[in-house]
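Consider the two complexes below, in which subunit A is the common component and subunit B and subunit C are the respective partners.
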Partner chain A sequence: MRKYYRNKWAIMLFALPALLLYTLIVIYPVLQSMYRSFFDWDGLGEGTFNGLDNYIRLFNDPLLMTSLKNGALFALVLVVFQLGLGTIMALVIADPRLRGRKVLKTGYFIPVVLSVTVVCQLWIAIYDPTNGLINKLFQVLGIPYQQNWLSSPTVSIIAIAFVNAWQYMGYQFSLLYAGVKSIPEQYMEAATIDGCTKWGAHRRITIPMMVETYKFCLIIAVTSGISAFVQMLIMTNGGPGTTNYTLTFMIYRYAFGEFEYGYACAVAVVLVAISLLVTAIINRVFRQEKVTH
Partner chain B sequence: MKGKGFKALMLATVLLLSTSLAACGSAGNTGSTTKDGDTPAGQNDKIKLKIYAAYFDDDTKKPYDYAVEELKKEMPNVELDLEPSMQDDGQKLRTYAASGNLPDIFPTDYRTIKAFAQSKNIEMLDNAAPTAAFKNDLNPGNETNMIAPDGHIYSYPFAGIEFQILYYNKKLFEEAGVKAPIKTYDEWKDAIQKFKAKGILPLSIFSKEKWIGNAFYKGLLTREEPNGYSVLDKATELPEAFKLAAQQFNDLKDAGLFDANATNTNYDQASSLFYTGKAAMFLNGQWEIYSSDKNLGDDVDWMYWPAKDEATYEATKFNMNGMGQPGGFSVSPTSKNKETAIEVAAFLARKYAEYKYTQLGNPIVAVKIDKPVAVTPPKMMQRLIDETLPNIKSFMKMTEEIKINSAFEDNTQNLIVKGFTDKNFVDNMERVMKEVNK
Partner chain C sequence: MLLRQKSGSILMQGVLWIYFLVSVYPLFWMVSYSLKNNDEIFVTNPFGLPLNFRYENYINAWSQFSIPNYFLNSVVVSTVSTIGILFLAVMFAYTIARMQWKLRSAARVYILIGMFIPLQVIMIPLAILVKDFNLVNTYGALIIPYIAFGLPFSSLVFYGFMVSIPIELEESACMDGASIYRTFFQIIVPIVKPAIATIAIFQFLGAWNEFLLAYILISDEAMKTLPLGLLFFQGEYSTDWGGMGAVMTMASIPMVVVFLFFSEQVERALTVGSAVKG
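The block that comes next holds the complex of A and B.
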C-alpha cells in the first residue's frame, strides 16, 4: 500500500475525478460570481462592465449592516446553544453509568432528520403571539410577559436563530460526543486517582483535548449563522420589512426579486470572503500542536 | 503481485471513467433526438407547441382546459404540450430564457416583459397578425394591460384591471353597532374600538405576503392621489398625499386595526379568520368575491375605501385601488413555429377572458366578449357590475422602478408592526427615492 502512496500518478488518478467535480460545482461558480460582480447584469443578457460600482453601492446599502448584524447574532445563538448545550449533553451521555443513553442519543438527533419546513411550521405555531405555546405558558405560570416573537424587529432574529440551533444541535452533539469518546480512558482514570472530580477532569482534560473538534464545530456554527436563509424565508419571509435579512437573503432578493444578478454576485463575494476570513481566524486562534494519544 | 494489482486497479478505474463518459454522451444524444422529435410538423401535419402556463387549481385549470377545448375546434392542427408553471416568481422561466430553452408560449407580467425585452427573449407583437384585431377588441381602459411603457406590445392580456376592495361581515357590523359602509377615518377608528370591545378582530390581513400591506397603503393613497406611484418618477421626496396615507396607516394600526401576528399571517389563516366570523373586515382583490360569497353567503359585502371626510369619500370612491400593467401570453422569438404560436397565444388569451366572463360572470377581462354569461354572478359581483364598473373614474398608474416598488412593499409591511412609525416610513422611502432618482 505504501508503494501506492509514494506513486504520485496513482494519487493524482484517484483524486482527479473528485477534484474535477469540485472545480465544476464549487470553484467555477465562485469564480464566475466574482467575475459577474463587476457587471451590471440582469441574469439574461451579457451585462455591462461597471467596475467597482456594485461594491461601492453595497458598502453604502443599509441592508448590508442589517444583514451583517443579523448574521453575527444568528452565529452567536448557534455557538452558545449548539456548542454550549451540546458539550454538556455530550459529557453527560458519555458517562457509562447513565441509564437510557441510547434513547437520549437518538432523541437529540431526531430534529436533525426532520424537514426544515416541518420544524419551522412547528415553531411558527409555538411562537404564535395569541395561541402559541410560549406565551400561553407565561400566562399559565402567571408571568406578565407576552412577546410577538416573529414580528418584533428586535426579538425575531433570535427567535429564528433558536429554531436553527434547536434543529441542528443534534448534529453538533454527535460530533462533540465522538470527540469525547475518542479520548483514551486512561487520562480520566489517572485524574481520578489523583483526586480530581469528574467535572474537574472534564474541564482540565476532556475539553482541552477536544480542541480540533471544537474548531470544526465552531466553523460550522459560525458560517451557518452568517449564511442563514431557509428559516427566515419560511418563518417571516425576511420581514417585517427587511429586519430579518442576512447576506444570503440579500442575494436572494437582489437576484430573484429585483433581477440584479451582478449586484447579488457582489453580495455573494462578500459572503464568501467573510466566511473564509472567519474560518482563517478560527484556525489561527485554535492553532496548536497536534495532540496525539 | 502488487504491481499487477495496481495495473488492474488502474484499468478498472479507466474503464469506469470511460463508461461514465460514454453514458453522458449517450444521454446527450437522446436529448437531441427528443428535441428533433418536438417539431413533428411535416411528419403528421400536427404543429406541436410547448406552453408554460399556470395549472394547479380550479382558477387556473378550468380556463386552460376551456381554452384548449376551444382551440381543438378552431385549430385542430395545433397540439399543446403543457408544462405547468411553478409558483416561483418566474425563476424557472428566467432559467429557460438564460439557457435558450424558452417554451413557445409563456405567461408574462410586466417585470418579466421588461427583462425579456431587454435581452430579446420575447417576441415583439406590434405587427403580428392578430394584434390589430386584439387591440380593437380591448375593453375601454385596458390598453395599459397590452401596451408596455416603451410603446410596444409583447403579450396578449386576458385579465382586466383588477383592484382591491374592503370586504366586511354584515352580521359582525350589526352585532358591534357599526354602520356600514365606513366612509371616513374617524368612523373607521370608532369602528375599531367597537369591534375590539366585542372581542372581534377589526381587519384580517395576510401580510406575510408583502403586496397586501402595499395594497392597503395604496387604498388610502387613492383617496388623495388617484395616479398612485407614477407621480414618484424622478421625485426624491414623498408628496404630501403619500405622507398623509402613511400617517393614516399608522394611526389605524395604533388604534388596533391589525392582528398582532399580521405580518406572519398567510392567506389561508387570514381568510379563515374572516370566513369563521372572527374578523369583521378582510382586504383582498375583487377576485375574492367568489370565495367570500361561498363561505359567508348573504353575510358579506364590500365597501369603497374610506377617506378623510365624507365629501372626499363621495368624490373619490370611484378612484380604484388597482392598476393596469402589461401581461398575458407571450411568445418566444426562437419558436420554430412562431407565427402559429402568436396566433395561439392571442386565441388562448381571448378564450381565458371568455371563460371568466361566461362561466364565472366576471366582467373584469381585457377583451370584449360577445357571448352571453352562462351563470348568475354572486350578488357582490353584480353590485360591482351595476354600480362600480360603469362609473370608474381612474385606476392607479405604476412606477417602472422595481426598487421603489420593493421599498413600498418592505415599508408598508413595517408599518403594520408596532414601533415603526410613519416618520420611519417617510425616511426610508425618501432614502430609496434619492438613490433611484438621483
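The block that comes next holds the complex of A and C.
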C-alpha cells in the first residue's frame, strides 16, 4: 500500500498540471503586482524602480480616502441589510410549522443566479428619477419625496450598495438558514421549558451558537464591500465625479485608463493588505467570543 | 400571552412575505415592461401586467443584438472552464489527500493561499500575461484564468471529501492488482460524484456571471460573454425600455429555469463555501 501511494509518476501526473497552472496564473501575478508596485511602469518596458514613491503618492491621493470611505459604507450596508434582516428571516422561516417556505426561499434566491449586468441595469431603471419604480411608487402613495438616487453624491453609494445587498441577500440568507438549522432542536425545547420566550431563546442560544456562520458571512460581506467595483462601473461609472470610487475602481482607472500600472499595483497591494487585515481581525474577535459548550 | 405570541408571529411572517415581494417584484416589473411600450411603462400603467402584450419588443431585440452569440460564448467558456477545473482539482486533491510525497502538506497550504487572493491583485499582471501569450479576445483569455482561479476552492472541497473516504476500498483494489490510475478513476471518482456535481454547479455559475476579468480581457464584440454583451444601458438603446427589458429577460430565462428545477442543488452548491473558508 505504501508503495502504491508513492507512485512518483502518478503524483506528478495528478499534481503538476494544477500546480503549474495555479503558479503561473495566480501566484506569479501576485508576486508581480507586489514587485511592480515599487516601479514607475507603464506595462510595456522594464520600468524604473522608484522605491516607495507609489505608496507615498497613494497615501496623499484624495481618491484613497474616498475609496476607503465608500468601501466601508458599502460593507456596512451589506452587513446591516444581509446579516441583520437575514438573521431575522432565517429565524422565522426555520419554524417548521410555517407554510410556503419553499416558495419564500426560492424567491429570495432567484436574484443570486442573475447576471450582475442584468441586475445593475434593472436597478438603473428602478432608480430612474422620472420613470423609475421607486419615485413612481412614492408618487402613487402620495409621499412627496423624490430622489435622484444615482446622481446624488450622498445617496448614490448607499443606493449602489443596496443593489449588491439585494442581489446576494439570498446567498447570505441560505448560509444563515443552514446555520440555524444546524442547531439541535433540544436546545430550543429546553430553553422554552425553562420559561424563555421564542425570541429570548434565539437571542441566548441560537445566535451565540452560530458564531462560525456569522464569522463567515461577515468576512464575505466586508471583503466584498472593500473590493466592490462592478456595480459602480455599470451604474455610475464611479461618479458623480469621483464620488463613487472604490479601491478596485482606482486600480482599474489607473491601470487601464491612464496606463500607470506601477501605481495601480500599489493600490492592489493595499487592497489585499486591507482585506487580509480585516479577515484576521474578524477571526480574532470571533475566537475570543466563542462560546464553550 | 398566547394571543400576543400569535400576533407577533403573524407580524414576523409578514416580514418574510414583504421581503419576498422586494426580492421578486423587480423581476416581475422587468418582465412586464419588456412587453410594454414607453407610453405604458412611463405613464399609463407603470406597475402591473401589460394590457396588450407587445411581443415585437422581443423580435426587435433578438434581431438587434447578437444574443445567441453571447450565449454561445458564455456556454463555451463556462463549460470548458468547469470541466477543466473538475479534472485538475479532483486529481490534485487526490494527491494531497492520499498520495505519499514529501511536499504534500506544503502543496496543500500553497493552494490554500489562493483562497485569500482577490482577483483585483492579479488582474494587471494577468492582463499583460494574456497579451504576451497572444490570447486577447480568445476563449483562452477567459478559460485559462477561470480554471486557475477555480482550483484552490474546488481542490479543498474535494480534499475534504476524500480524506473522509475509508481507505479499505483502495486497499482491496490494490490487493486485487488494480493500478493507481484504475483505482482513482473507477473507485475514487464515482465516490466523490456528489461533490463533483456541487462544484460543477458552483463553478459554472461563477464563470457564467463573471464580469471583471471578461471586461478587461475581451473587447471584440464577437467574443463577448453574456454579462459583457448586455452592457448597453448607457448606449444608444437606453430610451427603448421595452427592448432593453426584452433583452435582459431573454438573457435571464435560462439560468432562472435551471435554478427553479435544481434549486436545492444550486443553493447547496453556492453555500458549500462556508465549509472551507470558515
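Keep this in mind: the second predicted complex is superposed on the first by the 260 of 293 C-alpha atoms of A that agree within 3 Å, B and C clash if a C-alpha of one lies under 4 Å from a C-alpha of the other, contacts with A are read in each partner's own complex, and residues count from 1 in each chain.
Quick note on the criterion: contacts are C-beta pairs under 8 Å (C-beta built on N, C-alpha and C of every residue); 3 or more make two chains touch, one makes a residue touch a chain.
Note that this is a predicted model, so its numbers are computed, not measured.
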Checklist entry - Once the shared chain is lined up, is A:P129 touching subunit B (first), subunit C (second), both, or neither of them? => result first
Next on the checklist: On the A-aligned overlay, A:L150 touches which partner chain: subunit B = first, subunit C = second, or both, or neither?
Outcome noted: first
Checklist entry - What is the contact status of A:V77 with respect to subunit B (first) and subunit C (second): first, second, both, or neither? => result neither
Item to check | Contacts of A:A266 with subunit B and subunit C, given as first, second, both or neither | outcome: neither
Checklist entry - In the superposed arrangement, which partner chain does A:I88 touch: subunit B (first), subunit C (second), both, or neither? => result second
Next on the checklist: With both complexes superposed on chain A, which partner does A:D42 reach: first (subunit B), second (subunit C), both or neither?
Outcome noted: first
Next on the checklist: With both complexes superposed on chain A, which partner does A:T242 reach: first (subunit B), second (subunit C), both or neither?
Outcome noted: first
Checklist entry - Is A:A228 touching the first partner subunit B, the second partner subunit C, both, or neither of them? => result neither
Checklist outcome for this item: Counting residues of subunit A touched by each of subunit B and subunit C, the higher count belongs to C
Next on the checklist: Is A:F256 touching anything from subunit B or subunit C once the two structures are fitted on A? First, second, both or neither.
Outcome noted: both
Checklist entry - Is there a shared patch on subunit A that both subunit B and subunit C touch, and which residues make it up? => result 4, 7, 10, 13-14, 17, 43, 124, 130, 237, 256
Checklist entry - In their complex, what parts of subunit A are in touch with subunit C? => result 1-2, 4-8, 10-11, 13-15, 17-19, 21-22, 24-30, 32-33, 36, 43, 85, 88-89, 92-93, 95, 98, 100, 103-118, 121-126, 130-131, 133, 136-137, 140, 166, 169-171, 174-175, 178, 197-198, 212-213, 215-216, 219, 223, 227, 229-230, 233-234, 237, 247-248, 251-252, 255-256, 261, 264-265, 268-269, 271-272, 275-276, 279
Item to check | Residue ranges of subunit A touching subunit B (in the complex, touch as defined) | outcome: 3-4, 7, 10, 13-14, 17, 42-45, 62, 124, 128-130, 148, 150-153, 235-237, 239-243, 253, 256-259
Item to check | Contacting residues of subunit B [partner subunit A, same complex] | outcome: 2, 6, 10, 13, 17, 89, 91, 94, 97-98, 111, 115-116, 118-119, 121, 208, 210, 259-264, 402-403, 406, 410-411, 413-414, 416-420, 431
Checklist outcome for this item: Per the touch rule, the subunit C residues reaching subunit A in their complex are 5, 9, 12-13, 15-17, 19-20, 22-24, 26-27, 29-30, 33, 41-42, 46-47, 88-89, 91-92, 94-96, 98-101, 107, 110-111, 113-114, 116-118, 120-129, 144-145, 147-149, 151-152, 155, 170-171, 174, 180-181, 184, 205, 208-209, 211-212, 215-216, 226-228, 230-231, 233-234, 241, 244-245, 248, 251-252, 255-256, 258-260, 263, 266-267, 270-271, 273-274, 277-278
